[in-house]
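Sharing a structure with you now.
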Amino acid sequence: MFLNEVLEVGAFTAISLYILVSALIAIKAKDSIYAAAALGMVGLGIAGLIAMLGYGYVAAFHVVIYVGAAVTFVTFSVLMLREQPAEFKEIKVLAALNALLLAGVYLLAIRSTGIGELGSVYLNLGEVARVIIEQYWFPLLIVFVSLATIMIEGIIVARGEEK
Amino acid sequence: MMVLEIIEYIIRLILSPPIFAPIIYPGLVTVLVILLSIIWVERKIAAKVQLRYGPLYVSKPIGGALQMLADATRFFFQEIIVPRDADSIAFLIAPAASLVLPLLPIVFVPAAPSFVAISVEYSLPLVLAISALTPIVIIVMAWAANNKFTIIGGIREAFMVIAYELSLFISALAMAIFYGTLNLEDIVSMQKSLPGVILNPLAAITFFVAMVMATSRLPFDIVEGEQEIVAGPFTEYTGILYGLVMGAGYVQLYILCLVFVELFLSGWYPYIGLLGEIYPALGGVSLFIKAYLLMVFIVFLRSVYGRYRLDQAISIGWKSLLPLSLASVFLSLGLLAAGVVI
Amino acid sequence: MIDALWVFIVSAALFAIGAYGAVIHRNAVRILISLELMFNAELLLLLALASYVNPMNGFILSLFVIALTSSEIGVIVPIIVLLFRRFKSTDVFQASRLRG
């Protein structure tokens, strides 16, 4: 229906604007707490776009793991460490130029992969789970080991202050 | 008869699940009614335990039940004071965000068979994920007020998140592992004869304690400990903003109680077919009754327990709750391996 | 259906904003936030491109990528904390004082 298309385009535009505005807040805010909260908002927006592409479970995973845990971690660390807002003001123009050139190279590199329509992916969760257990059990094992290592590292760094 | 058709279309639109569920039941209107009643119930229960009357002045014949309506009306007429050193934009936006964000998962929680606003096959992680975003808003609120008490309250909130979040997720996922699905509707439909709490009581206990920690109910109301840090992150709020932030905790409690009833207490069963004929959502009213009774029980805990210290709460979260939640996962796996079929 | 060009443009714009922030800031946590903005941009790009080639592998790879990036934050923040303990400031220009 025509209404569906309008809603889809409207939702995509709204979420994209939300993401870009939140990203600008994340780098321009004076207090680091607002930057960390804006990072959380960018994560939410990206999760929305990922869900629109058809990967709904990845979006839920992103919100749980990344926004729920990692951004809270960053917010917490901002709260703990003393605030020293400082900017390297001399290279502002050069940094903006650098960013624009990076974006240009980025777009050029992916332009050649083809322009088409997105949003018609549908994957069955049970199927994905079967593929992970059958084909990719070794990366899963490595992820487990690395997460355990990082937890031990966190405990060691946290205990270090007692000495 | 164009007008009649338009009216019929509008009524059908309002009664459809995507509009009815988030706005009327079990969404916004129901939440407002619950907010007006549960705080009065809490005060009355605390009063009865302490052998006094509680709020009795407003509407004496029915025992003062309209007290919260009077309070809300009073809040609307009070002046909103924004401190001079506070960051006014974040200060004014944060209470609204802290009321909306816990309410957002209501679009994924089913209220009756096939009555859900947005039907996805992974609604359990979505509900828990959006509920986990609330602490970020509270930390922003604490920082924006630029007050020693609020910043200490924000730090306490950050510590409390570390204590409960993992156990909340793992114990909910233990039930999802046993039922083999992440969809809340399917999980409830599998509990027709046997509630989940009988199958996996460890997960039920862990989720219950983590839920009490998450919503800052006593014995874990460390964030807003009244006798210690004035009101924690909510110190500088006056007028209707104070009403909003005080209500936000109860909204979070409501959503988590709904999830608890759907995971462990067999949701909307017994399904009342008679009411279900009139309108599908009314047939699942036992879900609402069970969630409300659970909320009454949790606010009753206020009269029973003393408040924990912050380090005691964190050590409970990591030394008791986390091993229990991992044990509940192993219990689920053991039940699956033993071939328990319901 | 969403036109793929717009998804790429959003991803490139977010990447550019993150790159600008990573160069301009001196506070270590702000640099981390800018790097995480770039990560979000490339996660979107990963899934957009995977829709053309192999959606199943893109799904699984993005799950691993999200988990590992979150744990990478768990490594970077303790490094910042140790830096803070040593120099009493989170200014990365001070880190060049680490010698030997």
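Structure notes:
Chains here go by letter, A, B and C, matching the order in which they are written, and residues are numbered from 1 within each.
The criterion applied here is as follows: a contact is a pair of C-beta atoms (placed from the backbone, for glycine too) under 8 Å apart; a residue touches a chain by one contact, two chains touch by 3 or more.
The model shown is predicted, which means the values in this text are computed figures rather than measured ones.
With contact taken as defined at the outset, there is no chain that touches chain A as well as chain B. Chain centres here are C-alpha means, and the one lying farthest from chain B is C. Our note on geometry: chain A versus chain B, Cα centroid distance of 27 Å, whole angstroms.
Centroids of chain A and chain C (each the mean of its C-alpha atoms) stand 7 Å apart. With centres set at the average Cα position, the gap from chain B to chain C is 33 Å. Under the contact definition stated at the top, not a single residue of chain C touches 2 or more other chains.
Chain contacts: chain B has no residue touching two or more partner chains. For chain A, residues that reach two or more other chains under the stated contact definition are 36, 57, 61, 69, 80.
Considering their complex, residues 8-9, 12, 16, 19-20, 23-24, 26-27, 32, 35-36, 39, 42-43, 46, 49-50, 52-55, 57-58, 61-62, 65-66, 69-70, 73-74, 77-78, 80-88, 91-92, 94-96, 98-100, 102-103, 106-107, 110-111, 113-121, 123, 127-128, 131-132, 136, 139, 143, 146-147, 150, 153-154, 157-158, 160-161 of chain A touch chain C.
Against chain A, in their complex, chain C makes its touches with residues 1-21, 23-27, 29-30, 32-34, 36-37, 40, 43-45, 47-49, 51-52, 55-56, 58-60, 62-64, 66-71, 73-75, 77-78, 80-82, 84-85, 89-91.
Contact residues on chain A toward chain B in their complex (touch as defined above): 31, 33-34, 36-37, 40, 44, 56-57, 60-61, 63-64, 67-69, 71-72, 75-76, 79-80, 125.
Within the complex formed with chain A, the residues of chain B that make contact are 87, 90, 120-122, 125-126, 128-130, 132-133, 135-137, 139-140, 143, 151, 154-155, 158, 161-162, 165, 169, 182.
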